[in-house]
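Please go over the structures that come below.
First subunit A sits with subunit B, and in the next complex the same chain sits with subunit C.
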Partner chain A sequence: MADDLSKPFPKSSMSEEEIMKINKERRIQVTSFAFMIFLTILAFVAVATEMIEVGFAIPFILLLAVIQFFLQMYYFMHLKDKDHGWPNAFIISGVVLSTPALIALILLLGVTKY
Partner chain B sequence: MSTAAATKDKSVLWDWLTTVDHKKLAILYLVAGGLFFIKAGLMAVFMRIQLMTAENDFLTGQTFNELITMHGTIMLFLAATPLIFAFMNFVIPLQIGARDVAFPFVNALGFWIFFFGGLLLSVSWFFGGGPDAGWTAYVPLSSGEYADLGLDFYVLGLQVSGIGTLVSGINFIVTIINMRAPGMTMMRMPLFCWTGLVISILIVFAFTPLAAGLALLMLDRLFGGQFFIPDMGGNAVLWQHIFWIFGHPEVYILVLPAFGIISEVVPAFSRKRLFGYTAMVFATLVIAFLGFMVWVHHMFTVGLGPITNSVFAIATMGIAVPTGIKIFNWLFTMWGGKITFNTAMLCASSFVPTFVLGGVTGVMLAMTPVDYLYHDTYFVVAHFHYIIIGGIVLGLLAGLYYWYPKMFGHKLNEKLGMLMFWLFYIGFHMTFFIQHILGLIGMPRRVYTYLEGQGMETMNLISSIGSFVMGAGILVLLINVVYSAFKAERITVNDPWDARTLEWATPTPIPEYNFAQTPQVRSLDPLFYEKMHGDGTIKPAEPMEDIHMPNGSILPFIIGLGLFTWGFGMVMINMENPIIPPAVVIGVGFVLTFGSMFIRSIKEDHGYHIPVEQVKKIEKEVS
Partner chain C sequence: MSSSVDFSKGLPSHPEKATLEGKNKFLGFWVFLGGETIMFATFFGTFLGLREGTAGGPTAEELFSLPLVFIMTMLLLTSSLTSVLAMFSMKKNNHKSMLVLMIVTVLLGAAFLGFEIYEFVEYVHHGLGYTTSAFASSFYTLVGLHGAHVLFGLCWITTLIIRYSRSGITLTNAPKFYVASLYWHFIDVIWVFIFTVVYLLGIGGA
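Now for the complex of A and B:
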């Protein structure tokens, strides 16, 4: 096994099946990437064209952001795949730890300047 | 395929500069951390000399401010953290039955980046004086308006050394999750590994806000940013928030490994298994979680309002619960045990009461209304020194005496050890207990002098004398290291303490591959289990084979040097008239750093193999 170390990974140690899986994964990545671009465009359109009321535009954009966040995490960063228990644990604890900090900072700092 | 011959015939210096062996890096961390510890300790002694008498003029106020800032910063970032990394590096791979950490190259990288970051901070003395805004570097004191070049060194030095710490933290997470030997399940890991894992996670989550905060401060100071300048729409309190969102987890990053060390030493010398192992693991996790939810207790007097203060006060007191669980578990471990009081055990067992004292004052400080009295007085100084010296330093000393035979092949002298312990322990209480009272009668912290007739002379004198006694204790430790190196008898057995965990199953001195065959773990305290139920040796999990080892590399050193140069170039932007244009220095640093990374990426390096015959030969020699 050690002698194959210089070959690219797909050549040295991947089966046909695994390569097929990788290709499928690539398609999923491209699709979700395109979808996320679409969501971003939607957000820009929502603000720029003034078609939507300002009061509604903010929650709408936030909603898009949440969807994006999950897409990024689960599709781009592979949290959906199996055997990703540890990465899941770390990302989730990161979210759990940083959300209160963010909310607290927004509430505490607000607009008051010292 | 290259062979082991590649490792021979290297000069000693080159070997240490290029090493990626976790055991050697541990010793590098130990030496570097020890030197920084002594440096910051001397600063402390100077400050105590200044405060020995009223209206003393041994130091000027400016020098005092610089000393107090450098003392705090060095002790936390460049002494305590690397000393902890020293033990984590040495012990964790052995305790989980691994041949090395997950990424040996990254391990070396972490060390050299930390080291050069520390150097960058330290050279500030030669360019107009150290930083002088306290280790917390609150704005506006630390803004361009009030602070000089020293603070640029602070910002960039910490930024660089912080990268090193982050990198090492990530490496340890991967190591502990992926490199455990067969049978070493998570719930069979020694507590030192557990705390190591938890603080590595804390490092990843806490050092990132620090890096962001330092970057903002750097933009303010070097490039005319205004994040923290109220007149221009910035917010000064934001810095305090960012700093303490990092800062409180940081104090747990330091103390949890000390907990881990105590949890190894106490069972070993009580001849009992750790009481309440599961509860200990659980308490560690809870402390880590709560550690992120309490940062505002450092800001009670800022005026954030009663609701905010109450929420954070209650969260802070909550931490006392898991901490209490730990204290009782150590006491129950000792209870009824056959205790050996050698130096390691003395340090470990006396850790418990001193840490309790620090915790009690912590809860006192967490009560917001009275914190208005305590805040920024010597009471706070006493609180955190009880935790840091009575907790972390005693833990590190216990670890040093306990693991020394495995690291260096001989024990430290016990008589000198006892002398060190008592000098240090008495000196410590003399220095800091009285500071509680000084604080209560109103002596503010971070002042360089006080007036006659304020009733503070005697207590300050006692405190100063105590600090000299403590210094004498450390001196005895240094003498002990030298003395034992020459006089102590060499250890040839695997397990000089008759201990319980896997690191004592390796031969002394440890061959560079640690375990000739990966061990099969059958229980918590694997070595003890085999002594009781087996023949006292750990069973292998694999046949004897060629062992794959990583090659050494000079690149980590060069990347560290590159970041140093880069950081120094950034500082030069604020210099009056630099000899070389800053952009050139920054460019050199950039090329060194990214050039090395580039080389590392394209140059193939698959390591080498130690052939099985040679492994057999080495194994015969050491056993």
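Now for the complex of A and C:
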């Protein structure tokens, strides 16, 4: 059995239709990559050029980071796909549990004089 | 678990989840990533709380250089794309193309790590030791922890590449490559927040 599992396959089982689908998905991935590069450049430009007011630039780049987070998670890591119910549950729990920890740390450490 | 694999049909379209072991690895790895999220969040929180505490030492604005961080970001983002493309090759049973893309991923990751080491050495020369200030400690700990993750990922993927350089894509190694690629994306996600929260906010003077 173990030997069987370590043997390569002579070909892929994918039908023409499945290959078309996977190629389309790959195009979407490359597009989302280009979009992420664009967002990154935007974030750097927002800080580097100082044309944008600091008060606006900060929430702006944080928003860009959050968008990139979702693109990475849902496209690159396939969270949007079927059969990803539990992975979604785990990551959402992680984010939900992180939020109070993050806020508490910022407030406690930031407010306390050290 | 069935005791035989049907080779006549060819590689399943989702080879990483074709066996029970593969499914378990996949699920278990997402539990791990959920935990990693919380761990990194606590380090981010600590850094954000302490980053004003420079204790007379160098400040973020004095130290950080945008071009360097930009190059590092591009390297890591691109390596994330190559590992995504490697997984498409894997699903198509194209072993050689998967290996090449994984090697490119490792090279880009290694370049990133090289820049990070250079950056840290530079900062130490500028007088930012680990114990200089609260800002220094929390910065080195957060960014260093990410760097350690990159190093671990490099070793992991290199081992996989060497171990399975001639085996073809099998139901045993497909989940391993898939999980390693998930890990690599996660490192990239963390970096997105590091370059935003640590570097851009630091330089922006927020």
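In this text, the second predicted complex is superposed on the first by the 99 of 114 C-alpha atoms of A that agree within 3 Å, B and C clash if a C-alpha of one lies under 4 Å from a C-alpha of the other, contacts with A are read in each partner's own complex, and residues count from 1 in each chain.
Here is the rule we go by: contacts are C-beta pairs under 8 Å (C-beta built on N, C-alpha and C of every residue); 3 or more make two chains touch, one makes a residue touch a chain.
Quick caveat, the model's predicted, so the values are computed rather than measured.
Counted by residues of subunit A touched, the larger count belongs to C, out of subunit B and subunit C. Contact with neither subunit B nor subunit C is seen for A:Phe38 once the two complexes are overlaid on the shared chain. In the superposed pair of complexes, A:Phe69 makes contact with subunit C only, with no contact to subunit B.
Of the two partner chains placed around the shared chain by superposition, subunit C is the only one that A:Met77 touches, whereas subunit B remains out of contact. When both complexes are overlaid on chain A, the residue A:Gly94 reaches subunit B and subunit C alike. By the document's definition of touching, neither partner reaches A:Phe56: not subunit B, not subunit C.
Note: residues 5-6, 86, 90, 93-94, 97-98, 101, 104-105, 108-109, 114 of subunit A belong to the subunit B contact set and to the subunit C contact set alike, using the contact criterion stated above. Residue ranges on subunit B touching subunit A, taken from their complex, read 1, 177, 201, 205, 230, 233-238, 241, 245, 289, 292-293, 295-296, 304, 308, 548, 604, 606, 609.
Of all the residues in subunit C, the ones that touch subunit A in their complex are 1, 3-5, 7, 9-13, 17, 19, 26-27, 30-31, 33-38, 41-42, 44-46, 48-50, 52-53, 66, 69-70, 73-74, 77, 80-81, 84-85, 88, 91-93, 95, 134, 167-173, 182, 185-186, 188-189, 192-193, 195-197, 200-201, 203-206. In the complex of the two chains, the subunit A residues touching subunit C come out as 1, 4-14, 18-19, 22, 25-26, 29-30, 33, 36-37, 40, 43-44, 46-48, 54, 57-58, 61-62, 64-65, 68-69, 72-73, 76-77, 83, 86-87, 90-91, 93-95, 97-99, 101-110, 114. Against subunit B, the residues of subunit A that register as touching in their complex are 2-3, 5-6, 86, 90, 93-94, 97-98, 100-101, 104-105, 108-109, 113-114.
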